[in-house]
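Each structure below is given as structure tokens.
Two complexes come next, and they have one chain in common, chain A, joined by chain B in the first and chain C in the second.
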Partner chain A sequence: MASFTPYTYIQCPCHDTTTTTTTTSQSRPAEDAPSPTSPHSSDDDDDDHNFDPRAPRSNYSLYPLEYLLWCDVCHQIRCPRCVAEELVTIYCPNCLFEVASSSLKTEGNRCTRSCFQCPICIGPLAVQSLESAPEPSLLSADNANTATTPAGPWILSCSYCNWNSSEIGVKFDKPQGIFAQLQKLRHGEDSHSKHAVGGDTSPTKTDSVAATMKARFSAMRSFYSAQNAIANPSSGLGDYGFSSPGALSRIMSIYSGNNAGSHKQKSKGTMTREADSASEGFRALDLDDSSAVSQLRRDGWDSTVIGDQAKSQVEEGARFAEELWPIPYLLRTKRSKRCPVCRHIISKPESKVANTRFRMRLVANTTIPSISIKPFNPPPALLKPLQPVQYLLTFRNPLFDEVKVTLATPATTPGRFASRVTVLCPQFQMDPSTESGMYLVDDALKDDNKDIQGRRRRGTEGGTHQAEAGKIWERGHNWVTIVVEVVPASLSLEAPPALLRKEGEPEPDLSPLKEDEDVLEIPMFVRLEWEGDVSHDQMSTSTGKEKDAREKKELAYWCTIGIGRISQE
Partner chain B sequence: MSSSNKRQSVLPRMPAGPKAPVNFSSSITIADSALLAGKHTINIGSESVVHPRARLDSALGRITIGRRCVVHERTSLGAAPASAPASDPTILNTQGGVTIGDYATLEVGAVVEAGGTVVGEGCVVGIGCRIGSGAKLGKHCTLTPLSEIQPGEEVPDFTVVYSNGTRRLDRRGITELKHKAQARQIEVLKRLIPSNPTKFQ
Partner chain C sequence: MSRKQVKGEYIETDTGNKVARKAILIGTQHIMLGGKTVIQAEAMIRGDLARTAQVPSSSGAAPGSNTAVAIGRYCFLSKGCCLRPPGRIYKGSFTYLPLRLGDHVFIGEGTVVQAATVGSHVHIGQKVVVGEFAIIKDYVRVLDGSVIPANMVIPSFSIVAGQPARIVGEVPEGGHEAFELRELYKSVGNNPQPLPV
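The block that comes next holds the complex of A and B.
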């Protein structure tokens, strides 16, 4: 509670794709209904309506700068939510083996090699041999021996929590192709004999093993497709299959009108029936929990699964620890990202699994200035209501061009508790960024001087109000610091006197403080202007005849700046 | 290069107090740089291995290490209890040492507090674990790295403590194999660690 890290979130332009379409095409009143919190929403098609960082929809468009991508062609910010993703590589995170998308369709989204996770602790499982004795050899010294003479059944074992697959009675004949062996054990004929190891087998368990989801689904599908084939020729009025002679005769009978009634009865007779036996994929819910109860009594709390374990299982429904199966690793993907508007690729990873580099990655922080927030004076833990506080915002220019920045904030923050915000210098220029080390040294020297000067100034004046309106507080070779003054609102919930309230104004919301409503967030509109190189698509049309052509560029976006929490006294 | 070129420790040397009374089996392996201190007896059973810079402090009570144990580097046996549990502050007052059962392994940086603490036979105490004062570990327990056992706690046999204190039973049934492996490991360690028990006697 006491500690609060200031933050800056930037709004992706994808948030108002709906509103831009409404201006051109039809309007959707449900979407554009003015929210009761934002004061300017009555004129909602207006360009200058304020952005409310607390609106529920804002959650989906606000991102830290590091998350944002940049489309060079559209010249716009792109967020993880609005980019179009394409799979580049599908691979297993454990064995780093690439999986073809065709085999993905037939074999599912899990690794079909010998990669398994422990069902207890999700650690990786290793294949180890059981010696001729029933004890598995889990220790390295013994393994070295058995490696030369691989013998006996094999098990999967977890080296972290000491789980092994013999606890659920699973042993393998050979150390390769564990996935197929496990599939066979689980879904094959062996499933009944396997559990004889565990002693008494509860009926629920064998049922759930025998009729797995997959087997049931395929049984059901074949049953119902057969049923459909029977039913279709005499199906109701809704779907005519004109090619089938049955439908044709039915139409004829409707028009002739002679034996319509009798036909209807006939069609009722050939109605599809529902699956009702196990071979058709039907499974009656077993309401007899006595075996589960007795097992719970016998083995206690420790034999049950916890929610996370049950959720990470491939097939649902596990209730006891012995129903937990090794989890084949979920495959992962590497994805390339495209701009949703111009379809240009803005991020593309190297297709080799082991290579973590990117072939292409256009990130927003190569264009958008980063904003860092620092309190002017050493901050108290919480902001005191109605006491002005000053903050230093440092903008750092990543571009190699001079950038003109214009800032705008609403005078009061949106929401129930309106704090006053004043940007003392809403317009300034940032010098270009350079990679040359010389400038950095210069900058460092300058910084030192500034620091001394600043301290001196603070020493002589002693007050907190050295920041002048309209002036930059500090500037470096590619950064500028400005001062923002904030008067935090009081969080007391008192109804305003009835006399002051205007006619027809809505009842003030006096509900208790909601979560994070005491956080002071400033919506800020940032507009950048600079002269840069002509962007790529125009270059190609002009066939590069003016290499050093410059064009004026402009970018504007909303961001929200979290300053701190307001004290609740 | 002579050994005088070695960097000397800047820390002040251990106060050269009276040596702790020891009772070593003749077949143990104890590194020269192990630290033994305290006024109670330190017993070490046959074929046990004490790595360099393991600290055995018998100030609060007798330390007994069983047969074929491995005490790794920077472990601390008989450390002063960190804090008394609020429910029962009397635990700290009980004088008592540390008892380590046969075939136990204490991995790097493990701390076993003094006060009648027992580590059972065949236990594996993982890296950086802390066993509170007066806690009793049953036989063949496994503590995964950085686990903590509260003071005065009793842990049943074959318990595996993992993932922030979650517990389960080890049903592998491989105690015999583990013993064999421990014996093999000790054979190797004997060759690797120069033993100097006379320094402490």
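The block that comes next holds the complex of A and C.
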């Protein structure tokens, strides 16, 4: 059993279908979301249903705190799934050169400089001169005695797995412009010259590769758009193509059928014919696998590709290792993020590739307290069923205001194995955070003293180290530790005696333990209340209604706390 | 006072570096520490692998500039890690080239770093191998057990794992503060302070 690290996942409000449907409309009713203007709305809705972290849908809305963003205007959590992303910069992850979005359209989403990945191990490939290559295997008898000045044929070689492009017979005349050279070797006229090593063993490759996917696609597209134009010249589909929204809506109206009568019959146009020649992009599938079979017989499994290698290729269909080509690096992006509801930007990186600063970065952990979990006693490897364990939850306040926290958990965890949960101190106040990040030294000293005093006080008052109901366990300058007691459920699957079962009760689920069903997860509802500055946030887009200096703020959300695994006994 | 300092596990310098007495520093004249850097026991820095070939560029002008390993501020070198400058054949002869670490770089236990450059705010886990002339940009997290191939470039905000390493994820916006090593710096030394909760 692997070690288990406790975790806290926080639920983004986008899980709620009532709010997600309203995200499309700009002006949603104020009752839907807890906002500063409607402080008492959301908890009323949420009170009547419990959150089940094991529900299949919950996976999509639970995030660790650092993944969550924060919309200042909506006053709500936003997750990576619900924000709208916009490309800021496109760049190659290897050479870190920026790629203009216009060249992206013509050249594709891969780096066209000399950045390649090894087709075997995906390590980076480096251009090397064949002459001065240190590998003795590459140095044949005739070029071993040449000078060390790098010259002559160049290859791409992988320093991780020692693959090099001469294995597929690819050598370059000059070390610059590898992408263009490779493109030419692969698709150009001189494609037959490259397989000096491969010999006659791969006829499928040399014949079929000439007609590349791209060329075939464009041929086929031009053929079918011509056919479309012939078939229904009046419909306008031929004019606009399928990419135009007008044409699309026309198609949709055809298929939706509600106004089929109003349109004239289009289906009985002239018959279109299918592509049937190579110039139209047609290619008959080569069903003669005898050469592949003979190659497989000769070279064995080692010559075939594995799934990952075939998938990472630019063009599909590679079956043997010698059909693997160097992979140009996929481009990467920097993206800004918008709130899905109010369309305000909540995260925007600097556009330069090398610059790691953000113009705007509204993250949830500047508002929401972080929750860390520690076992009260030295942690056992697994939780013993039916034996109470205590855990310390530490809440740390990132805000500059005092925050009142109210916690609520269901008495038993949802799911087949109901563990009992008791929060010993469900209501407490957290002192404000003084300095974000680095706080002052004397502050830290004070903090330490307070800690010591707190410990002493507890020692004299309680006498024993026993958690008390309704009392905070420990308190620091902006954090509070409380105790949660858990009685893990037994994971034994025994049907309750038939006598005890009531009429009409569903059959108990006695299927074997599912994946991670032994993890004890506590759903917890957290409600924060604080009086905050309206305008102390970075975004000063506050409208007229938020002119007041102080304002009561409230936030409520569900989170799930993973405590540990229950032992199966 | 001085008696007590002798007994301490770490030597604390004026610039705030905390170097364990059991750290293995070779060729110290070629090692530059930016300050507030922690070097734990059995961590090895190969300063002796300095540039051997004469480079005609401007860097040769200043005396003593033949730095093999340059480390920024608030770096943390865990037990048993090794910083080793990368070497290659340059203009016909073999030479080592400097290894540069930015600020707030954490290097896990048993990790070997032979990178050319490691940016700022980088977390390298345990038992990682960073190949020669790899370039790691800012805000990168390398997970435990990764093997970064030689010459690999890892762009900013990447999470990297695997053998060979590949980019498996992106550092989220809220995760930038987790790279700060100031608190960790305070938690080690001759009179360590406990980490904040």
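Rule of thumb we're sticking to: the second predicted complex is superposed on the first by the 420 of 569 C-alpha atoms of A that agree within 3 Å, B and C clash if a C-alpha of one lies under 4 Å from a C-alpha of the other, contacts with A are read in each partner's own complex, and residues count from 1 in each chain.
Note that a contact is a pair of C-beta atoms (placed from the backbone, for glycine too) under 8 Å apart; a residue touches a chain by one contact, two chains touch by 3 or more.
Remember, predicted model here, so these are calculated numbers, not experimental data.
Asker: By the touch definition at the top of the document, which applies to A:Phe358: first (chain B), second (chain C), both, or neither?
Answerer: second
Asker: For A:Glu468, using the defined touch cut-off, is the partner it touches chain B, chain C, both, or neither? Pick first, second, both or neither.
Answerer: neither
Asker: Taking the superposition as given, does A:Arg332 touch the first partner, chain B, the second, chain C, both, or neither?
Answerer: Only chain C; A:Arg332 stays clear of chain B.
Asker: Just to be sure I read the superposition right, which of the two partners does A:Ser372 touch: chain B = first, chain C = second, or both, or neither?
Answerer: Second partner only, chain C.
Asker: For A:Asp302, is the partner it touches chain B (first), chain C (second), both, or none of the two (neither)?
Answerer: first
Asker: Touching A:Tyr160 in the superposition: chain B (first), chain C (second), both, neither?
Answerer: both
Asker: Please work out whether A:Asp173 is in contact with chain B alone, chain C alone, both, or neither, and reply first, second, both or neither.
Answerer: neither
Asker: So, A:Cys121: does it touch chain B (first), chain C (second), both, or neither?
Answerer: A:Cys121 sits against chain B and chain C alike.
Asker: Mind telling me which of the two, chain B or chain C, contacts the most residues of chain A?
Answerer: Answer, by number of touched residues of chain A: C.
Asker: Quick check on my understanding: which residues of chain A belong to both its chain B contact set and its chain C contact set?
Answerer: Looking at chain A, the two contact sets intersect at 121, 160-161.
Asker: Report the residues of chain C in contact with chain A in the complex, numbered from low to high.
Answerer: Spelled out, the residues of chain C in touch with chain A are 92, 121, 131-132, 137-139, 147, 149-158, 164, 166-167, 172-178, 180, 182, 193, 196-197.
Asker: Residue numbers of chain B touching chain A in their complex, please.
Answerer: These residues of chain B touch chain A: 142, 144, 160, 162-163, 166-174, 176-178, 180-181, 184-185.
Asker: Quick check: in the complex, which residue numbers of chain A touch chain B?
Answerer: Residue positions touching the partner: 120-121, 134-142, 157, 160-164, 166-167, 302.
Asker: Can you list the residues on chain A that touch chain C in the complex?
Answerer: Residues in contact with chain C: 64-69, 80, 91, 93-96, 121-124, 126, 148, 158-161, 332, 337, 347, 353-354, 356, 358, 361, 363-365, 372, 394, 396, 437-438, 444, 476, 479, 481.
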